[in-house]
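What follows is a single structure, and I will ask about it in a moment.
Note that the chains are named A, B, C and D in the order they appear, and that numbering of residues resets to 1 at the start of each chain.
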Amino acid sequence: SVALRKYIINPFDRRYRAWEMFLVILVIYSAWISPFDLAFLDKKEGALRIFDNIVNGFFAIDIVLTFFVAYLDSQTYALVDDHKKIAVRYMSTWFILDVSSTVPFRSIILLCTHRKSEIGYKILGMLRLWRLRRVSSLFARLEKDIRFNYFWIRCTKLVWVTLFAVHCAGCFNYLIADRYPDPNKTWIGAVYPNFKSESMWVRYVTSLYWSIVTLTTTGYGDLHAENTREMVFAICYMLFNLGLTAYLIGNMTNLVVHWTGNTRDFRDKVTAASEFAKRNHLPAQIREQILSHICLDYKTRGLKQQDTLNCLPKAIRASISRHLFYPVVQNVHLFCGISHECLFQLVSEMEAEYFPPKEVVILQNEIPTNLYILVTGAVIIGKVVSGEMFGESGVLYNTPQSFTFQTSEISQMLRLDGSALLRTIHTNTQDGFIIMSNFYKVLFFPCMNY
Amino acid sequence: SVALRKYIINPFDRRYRAWEMFLVILVIYSAWISPFDLAFLDKKEGALRIFDNIVNGFFAIDIVLTFFVAYLDSQTYALVDDHKKIAVRYMSTWFILDVSSTVPFRSIILLCTHRKSEIGYKILGMLRLWRLRRVSSLFARLEKDIRFNYFWIRCTKLVWVTLFAVHCAGCFNYLIADRYPDPNKTWIGAVYPNFKSESMWVRYVTSLYWSIVTLTTTGYGDLHAENTREMVFAICYMLFNLGLTAYLIGNMTNLVVHWTGNTRDFRDKVTAASEFAKRNHLPAQIREQILSHICLDYKTRGLKQQDTLNCLPKAIRASISRHLFYPVVQNVHLFCGISHECLFQLVSEMEAEYFPPKEVVILQNEIPTNLYILVTGAVIIGKVVSGEMFGESGVLYNTPQSFTFQTSEISQMLRLDGSALLRTIHTNTQDGFIIMSNFYKVLFFPCMNY
Amino acid sequence: SVALRKYIINPFDRRYRAWEMFLVILVIYSAWISPFDLAFLDKKEGALRIFDNIVNGFFAIDIVLTFFVAYLDSQTYALVDDHKKIAVRYMSTWFILDVSSTVPFRSIILLCTHRKSEIGYKILGMLRLWRLRRVSSLFARLEKDIRFNYFWIRCTKLVWVTLFAVHCAGCFNYLIADRYPDPNKTWIGAVYPNFKSESMWVRYVTSLYWSIVTLTTTGYGDLHAENTREMVFAICYMLFNLGLTAYLIGNMTNLVVHWTGNTRDFRDKVTAASEFAKRNHLPAQIREQILSHICLDYKTRGLKQQDTLNCLPKAIRASISRHLFYPVVQNVHLFCGISHECLFQLVSEMEAEYFPPKEVVILQNEIPTNLYILVTGAVIIGKVVSGEMFGESGVLYNTPQSFTFQTSEISQMLRLDGSALLRTIHTNTQDGFIIMSNFYKVLFFPCMNY
Amino acid sequence: SVALRKYIINPFDRRYRAWEMFLVILVIYSAWISPFDLAFLDKKEGALRIFDNIVNGFFAIDIVLTFFVAYLDSQTYALVDDHKKIAVRYMSTWFILDVSSTVPFRSIILLCTHRKSEIGYKILGMLRLWRLRRVSSLFARLEKDIRFNYFWIRCTKLVWVTLFAVHCAGCFNYLIADRYPDPNKTWIGAVYPNFKSESMWVRYVTSLYWSIVTLTTTGYGDLHAENTREMVFAICYMLFNLGLTAYLIGNMTNLVVHWTGNTRDFRDKVTAASEFAKRNHLPAQIREQILSHICLDYKTRGLKQQDTLNCLPKAIRASISRHLFYPVVQNVHLFCGISHECLFQLVSEMEAEYFPPKEVVILQNEIPTNLYILVTGAVIIGKVVSGEMFGESGVLYNTPQSFTFQTSEISQMLRLDGSALLRTIHTNTQDGFIIMSNFYKVLFFPCMNY
C-alpha cells in the first residue's frame, strides 16, 4: 500500500514472500543433503553436483536481489527505500557470510588443483549451514504470525531441530568411522566387519539408529565408540543432547502449563465454590446456581473477553460498543427521541453480560443499582422480551423491585450502571428531560402504547 | 428435564451415558486386544473371532443410534432434536470413519478371496484405533467433571497412554521379528534362538520388557535391533518416546507446581512476616499475633473464599449473604424493628471474617470505621456474646472506643463498613430513624432491657 | 496452655512430640531393615529378631497411648479430650491397620506350626510398611513448620523416597534371583556364577548397583533380567521409576522457579528501566537515579514488606505502626501538644519508605502532596535532621517548596498523605487547631525555639 | 568516591576487582588440574609442582590482603574500614579454611617424612576445592550484575558445573581403577587389558567418555563397574547425576518459560481478540484496528514501560516527565504565558501514548474527556501538526467534537486527563485565568496569529 521508489521491492510483497519461502525450502534441502553427501556420497559426482550448483545459483540471485529490497527501520517502524542505505546496511551485516556460503569453493578447487581437497570440502559444508539462519528467522516470524497455531509452530520447530541433530550426528559419526585407518576398530566395523560393502540404506539406517539411541539416552550398547576419535565425538554429542533434552522438556512443560491453564483455573474455581457451599451448609438450590454460573462463565468466556476490551484504546472500544449495542439500545422506550450524541455516550458505558438459565437478575424487594436490556434469551417471571429494559424504576425512582427477574434460558443482557445514567441525565439537560418524561409515561400510563 | 421430540434420545440421559460408558469399555478391550491379536494370535481363530464380531455389532448399533441422539448446539447451548439436522451433522463429520472401523473387512476378504490378506488385515487394525477417540473424549469430559479429582483423572490418563504405547510397541516389535525371514537375525532370536516355540507368556513378557526398557531409555542392550527393519521401527518408537517423556514430565511439573502452590504461598507469607518482625525488632507479642493470624488465615481459607464470592453475580451473592447472615443480623438490637428491605440491603454489604484467639479487633482509643457482629466464638475484654454487635458508637457517634475488644477463642464475625451503614441511614429515612433511636436507647439507658 | 482432663495427653506436648519423633526413627529403622532382612538375612535369627520384637513392643505401647491423646477437631479447631470420642475416632480409622502391623505374626506362626511360612512372612513385610504413614505425615507437618527451611525439607523428602525405592527394589530383585530354581539363569548368577557364596556386602552392593542403574535409566546392561519373573519385576520397577523421575524433575523445577523468582523479577525490572532510559535518551543522571532506586528497592525489600502488612487485620497493623513510628512522630514539632488519640490515628496512616543516596524527595517549585518525617539518614540540601518533618507547608499552605530536598545517604522516612492529615484536622477540631497553630508558629517565627 | 582510612582497600575498587578476577582464574585452573593431577600425574613432579606453589603463593597474598579490605555492613549498607572490625570478621568466618587450603601440606609432609603419603595427599585435594566458593560467589554476583545477560550467565554456570562434575568423576573413577590390585577386574582393564601402558590422552578420553555416558544416563555398557569399589562410586555418582539432571531441566524450564513469556502473552491477546471479533461478527475494519493496536502495543512496549515508571518514586517520575515533555508542552498555545510552576504540575500529570496508523483518537460527536498533544507523527482528518493540541474544547467547553481525529502514521501523543486540567485551573486561579483566556482567544478568533 505504501508507494516505494522505482526498482525497490517491498519486503511484505506477496511475490517476495513466496521467493523467500522458496529459498527456505532450498535451505532445508541443502541442510539435509550436505551432511549426507559428506558422509555417504563422496565417491559419486553427477546429477547431485549439478543440482547443488543450481541451488547455489538461486542464492547468488538472492544476494543481488537483497540490494533492491526495502527494510523496516527499527526506530521509526517505517520502510527505508534509499538504495545507499540498503546497500550500507546489507554490506555491514550479512553480506560477507552470504557470499562465502554461496561461492562454489569445491568447483573452484577442482578447477585449480585437479584433486579433491578434504579441508576445503569441510569448510564448504560448514559455511552452507550459515543458510540455516533463514529457517530460524522463519520460525521466529511464524511464532508471531497470528494465522498459525502457536503450539504447532513450536512443536514443528522442536521436531525439526531434533531430527536435524539426529541426522547430522549420524552422518558425522559415520564419516569418522569411514575415515578411520582400521575399519574393525570403529563403532560400525565392530558389528558389521565389512560395513563399507553394505548398501547405503543399511549404513544410513545404522548411523541414524546409533544417533537416536544416543540422543534419547537409551544407549543399548550394541553400537558404541571403539576408538578415541569416536569417543571425543560422542562426548560432544552427548553434552549437546543434555542441553537439547532439557530444552525439549522445558518447552513441553511450558506448553502443557499454558495449555491446561484454562481447565485448571475452572477446576480450582469449582472446587473452591463447592467447598465453600459444603462448609457453610448452603441449600442445594444456591449451590446449583453457583456451579451453573461458573460453568457458563467458563463456556462463554470467548464471548466476553472483558480483559481484551479493557486494554484497547477508548475509540476502538466505542466503535465496538456502537456496532454491537446501538441497534438494540436505539429501540428501548426509555431512550426514545433522545439525541444521537447522548445515546452514543450511553452505549459506550454499557457492558454485555451472560446469564445462565434460572439465574436471578434482580431480586424482589431489592433496589437495583443497574439497568438491564435483554438482547437475546428470555426472562420469565418479570416477563421481559428481547429489546426491553428492566430495573429502571429502581435506579430513577429509588423504589424496590416488585417482583424477581429470573432468566428461563441462557440470556445476553446489556448492563448500564445506574450512576452513569444519572450523570448523563444531569449533564445533558435536554436529553435528560426526554428520558425522565419517557420514564414517567411508562410509570403512570403503563398500559398505553407498548 | 427438557422435552424432546419422539424417538429422540437426550445425550445427557442416564441410560445413554451408561451405553456410552459400555462402548468405552469395549473400545479399551479392542484397543488392547487388536495389537496383541495381530502379533501373537495370527494362527488361531475361534472364540476371539466371534467375540470380536459381537463387539463390532455393538458399534454398528451405536452408528444407527447416533441418528436418534440430540446434540448441543455450540452457538446457542440448546439441544437440537431435528432428525434432519442430526443426520446432516453426523454424516458430515464422523460417519464414514465410524462405518469404516466397524465393517468386518477381514471376514469379507476371507469370504471373497478365501485367503488371508496381510495388507487388508493391517488396514483393519489401524481403523479400529479410530475408536480410541471415544476414550480421548471421555477423558476430556472427565477432566471438566467436577465430581472427579482433576489430579487423578490426569494421572490415570497419562498412565493409560504410557501403558498403551508400551503394549502396542511391544506387539509391533514382535510382529516384525516374527515375519523376518532369518529368525536368528532378529532382536528376540539373537537371545532365544528358537523363540517361536517358546510359550506365549514368555514371548509377550519379553516384548513388553524390550518396549519398556526402550521407553524409559534404560536400554540395557540385552535385547536390541538386529536388522534394518527393526532399526527403523526402533528409531520411530524412540522419537515418539522423546515426546512422550517430555509430555509426562511437563504434566507432572504442572501438577506439582499446582499442588504445592498453597503450601508455598503460606510459607512465603510466613517467611516474609518473620523477616519483617525480626528486622524491625517487633516485640514477641506482636510477632505471635502476626504469625497466628497468617496460620489461621491459611487454615480457614476454605471458609472464606472471598475471591470465589466476588466473581459471582450480585443476585447469587445476595442469596448467600441472606442465607448465612440474615438470621444473625435480624436479632441485633440496633436493627430491631427496621423494614425487611433495609435489613436485606445491610446484610448484602456484610462480610464474614475469622479472628484467631487473642487477636485485637478494636483497640482502646481507636475510632473504629467498621461494626462487628459476633457470630461464634467469644470476645473477652469487651464481654461480647454471640449475636451482639460492637463498634457502633465509633461509627455513629464518632467516639473513641473505651476498651479494647480482643478475642478469647477462634471467632467468626460479620463486618459492616461504617460508611455503608451511614449511607443506608441517609437513603432510608424511616429505617434510619429507627436505627438511630435504637442506638440512643442503648447509649443512654444501657442497663435497660438487654 | 489449655487445661485438659486427667490422664489425657495434649498432642502438642513436648514430651509427646519427642515420643512421636522416637517412633519415626524406629519406623525408618524398620522400613530399612525389613526388605534387607527379607532378601539377605533369611538364614540368621538372633539379635536382630530380638531387636525387632522390642521395636514391635514400642508400637504396641503407642497403640495403647493413642487412646489417651486428645485430638484437634477439624471443624472448630478445638482440642477434644473426651475419652469416648477419642476411642471412637481411633477405632474407626487406623486402629486395625496399626494392630495388624504390630502383631508378631512370624513368631505366632513359628509357635503354632513350627515351620517357616513364606507367605505369612511376606504379608508381615507388607504390613510393616503401613508404618511409613508416620514418616509421610511427619514430612507434611515439617513442610508447614515455619522453623524449617521449605527447600531443604522438600529435598530431604525426595532424597529419602529415592533412596528407599532404590533399597527396596535392590532387595526384592535379589530375593527373586535367590529363590529362582536355576541360579545361572538369574540377573546376578549370569555374572557371578556362584553368587550365593559371595559375601553379603558384595551381594548387597551389586543389588543396589542394579537398582540405581535402572532407576537413573543408565542401564549399562552388565546386569539385566534373565528370566520372565525378573522381567515382570523390572517392568513394574521401570514404570514406577518413570513416575518417580517425572516427580523429581517436577519438584526440582518448582523449587528452581520459586528460588530464582526474586532475582529474575529484579533483572526484569532493571532491564525494562535500562531499555526505557536508552530509548528515550534520558540523561545519565536520571538513569543513575532510576537504577539505584531499583537496586535499593531490591536490597531493602526485607524491611518494607508492604504486601505482608496489607493482608494483616487493621488492629495488628495499628500495633505495628504504633510500635515503630510513635516514638518518632511524638517529637515532631507540628504534633506538639495534640491528644494521644489523634496522634495515634495519624501514626496508623503513615508508611515507612526508604530512599537511596542522592535521591530527590521533593523537587524545587513542586507543591508536595505528602509530608515526610526523617527517621534515619540525612537530607542535605534542605538540611533536615533525624526526627524533623518537611513538606508540611506545601500540604497545609499550598505553597511550592522553595528548595529541593535530596538525600545524602540511605534514609528511612515516614510518609503521611496530605489529604489524610487534612481529614484528621477537619474531624478533630481541637487537635486540628493545635496543629495549625504549631504550623503557623514555625512559618512566621522560624528562628524561635527549635 | 567514599574516602576510606589509609591502607584500606575499597572492595569496589577496579584494581581489587581485577585481582579478584585473577584469583578466580587461578581457582578454575587449580580446580581443573587437581583431580587430573591426582589421577593421571602421580608419577611426575617438576614444572606442575612449581606452578602449583606459585598459585598457592598468590592465595597466601590474598589472605594477607583481606585484612586490609573494607566490607559492606549488611545492616546499614555502609563500608566498614575499621582494621579491628575487618580482622574480627575475617577471623571468625573463613580465615581458617582459607589458610588450610593454602598451606602446602604435601611439601611439608615430603620434607618431614621423606615418603609420599596417600592420605595427606587426598586431604590436600579436598581442601583446594574450598576455593571454589570464589567461583560460586562470582556467579551469584554476575547474576545480579545488570551489564550481563541473565540467560547466558545462568547457562555458563550450568555448563561449567556439568563439565566440572564430568571431569572430576572421570578422574576419580580412573584413580579407583588405577589403585585396584587386579587390573583386569577394573572398568577400564576389562576393555584395555594393559591400560596402564596406554597414552595419557587415551586414558583421559576413556575416563571422560565413561563419565559422560553415565551422567547423561546413556549407559552404553561397553565400560562398566567390575568390582564393588567401582560400584559404590558409580552408585554415588548416579545419585548425584539424578539431582544434577533434575536441576538442569528445572533451570532450562525456568528460562524457557521466562523467555517465551512475552511472545506467549502477545499470542494469547491476539487469539482472544480474534475470537471475540469472530464470535461477535465485528466488521473487518474494527477487527483490523484491534489487531493493529495489539501488534503496535507489543512492538512499542519498550518505549512505554508504564509499570516501570509506576514503581519509581514521584520525584524521579517528575524528572522524567519534565525531561521528556516540558519542551513540547511549553509551546502549546493553551499554556502560553502561564507560570513555570503550573506548567510543571501539568507536565507531571501527562502520559505518553502511541497510536498505530489509521487509529481513531477522538470520534466525531464524542465529548472527549482527555486532551492530546501530538509529539511526533500526523493526525490527518483533524489536520493536527506536531506540537499542537486537540480535544480541549470538549474538556473546557463541553462541546462534542465536530470531526474525527484519526492518525495517518504511527504517532506519539501526550494525554492529559481533563479533570486534572480543570483541577489545576481551579486551584491556580491566576494561571487558570490565562489558560481560559488562551482558550477563548482560539475559540472565537481561530484565524489569528499563532
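In the analysis below, contacts are C-beta pairs under 8 Å (C-beta built on N, C-alpha and C of every residue); 3 or more make two chains touch, one makes a residue touch a chain.
All figures in this text were calculated on a predicted structure; none of them were measured in a lab.
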item	value
Repeated interface matching B-C, over half of the contact pairs identical, chosen among B-D, A-C or A-B	A-B
Pair joined by the larger number of C-beta contacts - A-D, A-C	A-D
Chain A and chain C: spacing of chain centres that average the CA atoms, whole Å	37
Whole-Å separation of chain centres (CA-atom averages), chain A against chain D	26
Contacts with 2+ other chains: residues of chain C	217-221, 245, 249, 251, 253-254, 257
Of chain C, residues touching chain D in the complex	162-163, 201-202, 205-206, 208-209, 212-213, 215-222, 245, 248-249, 251-257, 260, 263-264, 266-267, 269-276, 279-280, 282-283, 286, 289-291, 293, 297, 299, 353, 355, 359-363, 365-367, 370, 398, 400, 409-410
In the complex, chain B residues that touch chain A	76-78, 143-144, 146, 150, 214, 217-221, 224-225, 228, 231-232, 234-235, 238-239, 241-243, 245-247, 249-251, 253-254, 257-258, 302-303, 305, 307-309, 311-313, 315-316, 318-320, 323-324, 340-341, 344-345, 427
Contacting residues of chain B [partner chain D, same complex]	217-221, 249, 253
